[in-house]
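So the structure is just underneath, and the comments pick up after that.
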Amino acid sequence: MLAFRRPQELANPLVFFVMAVSLFPLGVSPEKSFLAPAAAGVVWVASLLATLLSLDALFRADHEDGSLEQLTLAPQPLFILVLAKVFAHWLTTGLPLILLSPVLALMLHVDESLLGVLMLSLLVGTPVLSLIGAIGAALTVGLRVGGVLISLLVLPLYIPVLIFGTGMVQSAAAGMDYTATLAMLGAILALSLTLAPFAAAAALKISVSN
Amino acid sequence: MTGQTPLLEAKNLQCERDDRILFENLSFSVDPGDVVQIEGPNGAGKTTLLKLLCGLAPLRQGELFWRGERMSQARPQFLSSLLYLGHKTGVKALLTPLENLRAWCAQREDVNEERMMAALETVGLAGYEYSPCNSLSAGQQRRAALARLHVSSAPLWVLDEAFTAIDKKGVAQLEALLREKANAGGAVILTTHHSLHLSGEVRRIQLGAAS
Amino acid sequence: MWEAFKQWFHRWGSPKWFYERSLVWSFWLGWGAMILLPIGIVWGLAFAPQDYQQGNSFRIIYLHVPAAILAQSCYMIMAVAGFVSLVWRMKMADVVLKCAAPIGASFCFLALFTGAVWGKPTWGTWWEWDARLTAMLILLFLYFGVIALEAAIEDKITAGRAAAVLSLVGVVNIPIIKYSVEWWRTLHQPATFKLTEKPDMPVEMWAPLLVMVIGVYCFFGYSLFLRSRNEIIERERRTLWVRELLAKEGKV
Amino acid sequence: MLAFRRPQELANPLVFFVMAVSLFPLGVSPEKSFLAPAAAGVVWVASLLATLLSLDALFRADHEDGSLEQLTLAPQPLFILVLAKVFAHWLTTGLPLILLSPVLALMLHVDESLLGVLMLSLLVGTPVLSLIGAIGAALTVGLRVGGVLISLLVLPLYIPVLIFGTGMVQSAAAGMDYTATLAMLGAILALSLTLAPFAAAAALKISVSN
Amino acid sequence: MTGQTPLLEAKNLQCERDDRILFENLSFSVDPGDVVQIEGPNGAGKTTLLKLLCGLAPLRQGELFWRGERMSQARPQFLSSLLYLGHKTGVKALLTPLENLRAWCAQREDVNEERMMAALETVGLAGYEYSPCNSLSAGQQRRAALARLHVSSAPLWVLDEAFTAIDKKGVAQLEALLREKANAGGAVILTTHHSLHLSGEVRRIQLGAAS
């Protein structure tokens, strides 16, 4: 039911992710003493930006070729279709990022014991990014103002995720208990999983009728 | 109105866009077996009317009924009985005609591969089933969308400029298909700037200043 | 003289001619690689003297340096092919460009990998954001770019020309790799082999290296020709000569 | 001659820029001792990413509505039209970033004496980003694989600009002479100004003919 | 061939796409005063041929001459004598029809505002000059592109499916315009699936299997 994508499209956010992470030591400072504490944050910021970048494509092509009209006229409830699309988006964006994050974290001299926590935080966090992003993408899809308007809408909602996600890794680095933060992230995930598909479906209907 | 409840009934539709009133007090009904052509010059509001009927544009005034029920209640049934083809057809440029048809069917009817292949052949895409649509000509892309008509069992077809970019043979074939549909008890609402050559009666709804 | 050159040049543009000749070339290059690479490896790994500072870890040089050199040469070849493709619209240049990219990318990866492995014992870290290393990483990304672009464009001729533009633009990176060690003070060694001077390594150390470098070049040529031949058949499959050829091979 | 843009479109890369910069202290660490040395690099990385994001739109809309065909058929040489477009892109992307950078740099506790150097580095660097970016955008314009393929093509070429740009600020911070780096950046600008329009024009012709 | 050099001459054009040969050994010439219609079913290669002629697709085999000179040499002159309208028209959705026309003219001819306004009025967009094109109907958007014909002095027009989405009155008007152009010594190459009702002679070039 999901649109098949080219394998290449899958690689794109990943490539961006890798590049954004590697830009950081280049642009700022390549020293270990500097990189190690910043690393988890950098990986998080980069995956957030990578997700953001890929959002624009989520519904845009569908809108331009008229698939979106067909989608809203399909007999299934729209939010289910949206959920399926978001899930596909996460599979092609979030999941590869998670799988690649340990490699990049190592390049930034993250302590090996923290890799697990970092991946866990991403595992809970990235679906939220996809879900919230879908709302932004749905709201902006009719507008030709370029994908960056999405950033404006979506980034404020991403910030809590970012704070909890990096907070989790930082607590772990400080040797503290991070389950409370994890629970918080989990709660955000549950919340957005129940609400975001409806919001995105509503936004899509509005965008289509314009 | 006959004793039978009409498939779709519109009452007192009105539409204005940017302060221009496109139509007012438009009422009509569509029965099984009808072919209804919406006519009017460019910008008369044909596309807008079709979108209103399908619920793609918000209905600001007037009422719609599906098999006698208010549209707001009957929307799920309506959607599963509707096939809409707009100016833009929803054919994905990267997918092949077959994949496109399959993806479309997956959300609607249960159609097996053979019927899909047969439909593509009927619309003249034999040999192109596996080429991505962006390497097809304009007319072939439209045909890839028209293949849906050949697998659809929806009782109501709403077609906006379905003849665009189709060659003469294709147009004749499509006209035959529409008539067949109507004879089988379906209903077709369409717009076109071609002159229709349909055997049998075509009801016309005129919008805007006659041209 | 000029005429002769032009004739020679135009022959390269003919896939058929290339296909016929490359069989012989790839045969010799293949054998060259088969002979030189084992000699180089055994010589380098088992017989060359130890480095007085680095001990045995320095033996990675016998993989690292050939791979690094080849990764750069390969890109140069692609850029030249790109130029030829854009200016003279030569089909063969597209083929060479397309076929060279994955080989170059693999060697580039190999150079990075062996460098990283080597870095651990000598610099105490897998990766350092040093100019040459970074430039090498950029090269790898450039290779990926060319490969991705080729793959993204449906039409082969368009794909070839787009890749040609990209590889020409990216060629600015090569001098950066080459001179990065001289322009910036870096961890990485400057060049050993120079055209004008004698290497300051003992002969026993650089001779196997030279063998490896030549061997790797042979291997590169071999695989490039092999891939190109396949690509030619793929692209020209409808021309008369390929159909005749396939028919002949079908019979045999 | 240049396409007029909506004022909103102009704001978008800026918004992204601001957000990417503000994400950094949120995601990594808000401490001054940490931020100050990193700040110039962060501003540079963010403006690079903002430019990257805006590239996709450079020719895409033109391609989709057929303007690109009209452009390649215009009697003027294509590279001049490309240059005009790139200049417009820089005016709407690079210039606002430069004007805004001091504010953000101050937010990241950059030393005030360095602001001038940072702006100078951006002033010379961002046109290069637009010029190189145009090549990437032109190469990928026909392809529906989403704008992220551009990143793959363009980022490797951005890295030297980034290194020199931040290097300039770092030398200034260390109290060293930065004119050599500035000259290097200037040379890159001159080079890309002379070559990039031709490369982009060639790439556009190739993309259109597909 | 008459004594006069033809405007455009094509010799032995060949085109293949994905292993299918669309046309081979196609030679023809276009003289001032000619209206040439390229005919053929969907996918016959009409669009491809027009693109080849304009240099939008790479010419792999065959030769083109502009006023007797090889196209590769005469390209600048050719471009300044050409008006091409493809399936996609290059009308910017965010700009108004007037801005669109102005932007197009800025790259070509020197046309004053009044003529532009007059052209927009002629194509029936009076009152829509200042609405952004994405709030126009499909046909009105095409008309915004067709307005270029009314301000153009280019001797060669290449029109791909110029009648798409235009209503009957618009079609008649456009046909009259084309004939006028030809009578004034211009040349028009076009494709369409409508049946042309042009007074005077239309030369036809048939591509693909006749349908």
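Each chain carries a letter (A, B, C, D and E) given by its place in the written order, and its residues are counted from 1.
Note that in this section contacts are C-beta pairs under 8 Å (C-beta built on N, C-alpha and C of every residue); 3 or more make two chains touch, one makes a residue touch a chain.
All of these numbers come straight from a predicted model, not from anything done at the bench.
**Q** If you tally C-beta pairs in contact for every chain pair, which pair wins? Let me know.
**A** A-D
**Q** Could you tell me which chain lies farthest from chain B when each chain's centre is the average position of its Cα atoms?
**A** Most remote chain from chain B, centroid-wise, comes out as C.
**Q** If you average the CA atoms of chain C and of chain D, how far apart do the two points sit, in angstrom?
**A** It comes to 32 Å between the two C-alpha centres.
**Q** Quick one: report the Å distance separating chain B from chain C, using the average Cα coordinate of each chain.
**A** 57
**Q** Roughly how far is chain B from chain D, centre to centre by C-alpha average, rounded to an integer in Å?
**A** Here chain B and chain D have centroids separated by 46 Å.
**Q** Distance between chain A and chain B based on Cα centroids, please, to the nearest Å.
**A** 38
**Q** If you look at chain B, which of its residues touch at least two other chains?
**A** 87, 93-94, 134-135
**Q** Would you please write down the residue numbers of chain A that are in contact with two or more other chains?
**A** 6, 8, 15, 19, 26, 61, 64, 144 - these are the residues of chain A that touch more than one other chain.
**Q** If I count partner chains per residue in chain C, which residues reach a count of at least 2?
**A** 134, 141, 144, 148, 152, 154
**Q** Within the complex, which stretch of chain A touches chain B?
**A** 1, 3-4, 6, 61-62, 64-76, 81, 208-209
**Q** Given the complex with chain A, which residues does chain C contribute to the contact?
**A** Residues 125-130, 134, 137, 141, 144, 148, 151-152 of chain C touch chain A in their complex.
**Q** Sort out for me which residues of chain B touch chain E in the complex.
**A** By the definition above, chain B touches chain E via 17-18, 40-48, 87, 124, 128, 131, 135-140, 143, 161, 164-171, 193-195, 211.
**Q** Quick check: in the complex, which residue numbers of chain E touch chain D?
**A** 51, 54-58, 76, 79-80, 82, 84, 86-95, 99, 103-104, 106-108
**Q** Of all residues in chain A, which touch chain D in the complex?
**A** Contacts found on chain A: 6, 8-9, 12-13, 15-16, 19-20, 23-24, 26-29, 34, 37-38, 41-42, 44-45, 48-49, 53-54, 56-57, 61, 64, 144-149, 151-152, 155, 159, 162-163, 166.
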